[in-house]
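Common to both upcoming complexes is chain A, partnered first by chain B, then by chain C.
Up next is the complex of A and B:
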């Protein structure tokens, strides 16, 4: 039985921080070679790629503006919410697998660069709630019908984190009881 | 419909574990995750080594027992960190470049220590359980650690408790007290490639590339060690 969570939300944040986003630098600098690859050159107000941790460091020092990823705009999220809402019994729809981590990091540290930040926060919460309720329903079917294997599509890391302890423990216990009987 | 969890084959209605590999499921996956930043052969670059280390760490986090030690990644990243520190110390670089490099090094050190710490935690927990195969999975330092740990624990037991006991109960049967990893635990995996013929309760199952599954750890342990699937 798992006593402590295997992975923590902080670990998930760590992983999400390696995702690349676009920034608008407020300074000039040549290329920089990191372990993650080459980035730059940085020219004021010309969009360029950077890992999220890199962007946040610059943002904290007011050296750049962060460009909101295309999947974190109101339009896109509304489409996503409608997709999830249209089939509450269906599968999960494709979404960025770190959407919870990246959206909460950006909303907490760069909300001034995000137009309609409050709407986005609400949309993310709606999408999360709908996806989690789909997952919970599906999990209870899986447990009731006593499956020992299932495939799941488009599940994000934070969703995995939330369903893992309950689901894995239940499946193990049922399996264990069945083997014993 | 069962919702997000696909429990049965959609056409045949059979339990998923009996279904043939479906071509359709390969098409629909939208792979937004872990897009490589560089596309060339990464295996020998610092980037490839870092990604390898992150993978090893994640697998180690979710596996109930101790996986084989990925010494190449650890040593390579230690060297990269050291070389980077040396070159930063000597050169005249703008302050911002220096800070960004240092920040990245901190992040590398975080994974390195998280990986080694997670292994030590499991090694210590299952100290009395380790089989020959488990010992093969350990690094040289870890083997020394486990030997000394067992010796010290035995001595502690002896001094604190056992020698004060009546002779008839002075022998400690460690087999009865040992903690064993639960290999039948359920885990989530993602296939790195198409994997066929994994046996689940006497039925062969196929995993399409990038598909995510939940199943018993014991059934996928060998394909994890081969790097064909990863724990997530």
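Up next is the complex of A and C:
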């Protein structure tokens, strides 16, 4: 059985840094070419796309304002929470696959650009708890009733990280017993 | 001798590569050679009766003073020995150990969560799996019970490993079989890492314990 998961939450943070968000630059600059693609030109106070790591770099130097992604607003998260709450036995609802990482990064580094930051923090935590309990319930049903396959949609990377060791190793053990008999 | 050492080398390197790959379990037969759990699991004692007379092996039977083991003698042999004696020339007849008999199986079927698998045998699943290779009529029933027991205990292990925050783990793990303990620790590690990430602890750089120890030793030398 594997000793520890290879991918850590810090790695997931790193992967999430490549997500593209909108910034309001406080400077002007021509097009820049990155591995992700071309970005810019940057004109002061005109919303422009940029990768998250670049946005954070600028933010640290107070060169830009970060525009909160549409899925990180209070209204949107509230509808999400209500959706998840309304059917506790149903499937997971679509959500940004890096929602935990991006929200944590933005709340920690750019909280002054986010209106109602505290409410958002609570909502994210609520959504996380509900989704995890859903996942745990469906996994235990799957293992108990010995289904051979299950379809899971909309599972985010952080959720996957938390449940993968248990799920994979349980299935390995069951498979091992079945192969021996 | 040379070929043997070569063989050992290849299996060592194989087991090293197996450790690197994250989600490959140790449940593949090929890598079990150096696995201490596997060795301990095959120590399970199995009641056997001899089909033939075993000459000059009387010392194995502690209660008798005879030089030979007579035909029909009942003796408990470790699993690894019984396997080769029963398999090849049908020297012994194997019967199911007490821990896997019908009474215990019924107990497990009735309520798997309340039974103490560590008490039944610290390697209940592993030894049970090894038992399946014997030619006894109970084999199918044992396999079914092993799977059912694990399936119903899985939820308990997952819930505990996800929800125990810095509490005493011993209370939970001392009722688990060794395979379940490993499963528990696996889940535990991922949750611990997640908690560290949540509290931003993983982003702080700290010197490794090895370096600190090394510095101390250098001062001692002076």
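Everything below uses one rule, namely that the second predicted complex is superposed on the first by the 180 of 181 C-alpha atoms of A that agree within 3 Å, B and C clash if a C-alpha of one lies under 4 Å from a C-alpha of the other, contacts with A are read in each partner's own complex, and residues count from 1 in each chain.
Here is the rule we go by: a residue touches a chain if its C-beta (ideal position, glycine included) is under 8 Å from a C-beta of that chain, and two chains touch if they have at least 3 such contacts.
On a predicted model such as this, the values are computed, not experimentally measured, just so you know.
Colleague: For A:105, decide between first (touching chain B), second (touching chain C), both and neither.
Modeller: The answer is neither, since A:105 touches no partner chain.
Colleague: On the A-aligned overlay, A:161 touches which partner chain: chain B = first, chain C = second, or both, or neither?
Modeller: second
Colleague: Under the stated touch criterion, which partner chain does A:52 make contact with: chain B (first), chain C (second), both, or neither?
Modeller: After superposition on chain A, A:52 lies in contact with neither partner.
Colleague: For A:176, using the defined touch cut-off, is the partner it touches chain B, chain C, both, or neither? Pick first, second, both or neither.
Modeller: After superposing on A, A:176 lies in contact with both chain B and chain C.
Colleague: Which partner chains sit in contact with A:139 here, chain B, chain C, both or neither? Use first/second/both/neither.
Modeller: A:139 contacts both chain B and chain C.
Colleague: For A:89 in the superposed arrangement: first (chain B), second (chain C), both or neither?
Modeller: Only chain B; A:89 stays clear of chain C.
Colleague: What is the contact status of A:6 with respect to chain B (first) and chain C (second): first, second, both, or neither?
Modeller: In the superposition, A:6 touches chain B and chain C alike.
Colleague: Is A:20 touching the first partner chain B, the second partner chain C, both, or neither of them?
Modeller: In the superposition, A:20 touches chain B alone.
Colleague: Any idea whether chain B or chain C touches more of chain A?
Modeller: B
Colleague: Identify the overlap between the chain B-contacting and the chain C-contacting residues of chain A.
Modeller: Of chain A, residues 1-2, 6-7, 139, 164, 168, 172, 175-176 contact chain B in one complex and chain C in the other.
Colleague: In the complex of these two chains, what residues of chain C are touching chain A?
Modeller: On the chain C side, the touching residues are 19, 21-27, 125, 128-130, 132-133, 139-140, 142-143, 146-147, 150-152, 154-155, 157-159, 161-162, 179, 182-183, 186-187, 189-191, 193-194, 196-198, 200, 202-203.
Colleague: Which part of chain B faces chain A closely enough to touch in the complex?
Modeller: So the residues of chain B touching chain A come out as 1-7, 15-17, 25, 28-30, 32-33, 35, 37-38, 46-47, 50, 54, 58, 61-62, 80, 94, 96-97, 99-101, 103-104, 107-108, 110-111, 114, 182, 184-188, 200-201, 205, 211-216, 232.
Colleague: Name, in rising order, each residue of chain A that touches chain C in their complex.
Modeller: Residue positions touching the partner: 1-10, 13, 104, 108, 132, 136, 139-140, 143-144, 146, 158, 161-162, 164-166, 168-170, 172-178, 180-181.
Colleague: Which bits of chain A are touching chain B when the two form their complex?
Modeller: Chain A residues touching chain B: 1-2, 6-7, 11, 14-15, 17, 20, 27, 29, 32, 34-37, 53-54, 57, 63, 71, 89-92, 94-98, 131, 134-135, 137-139, 141-142, 145, 147-155, 157, 160, 164, 167-168, 171-172, 175-176.
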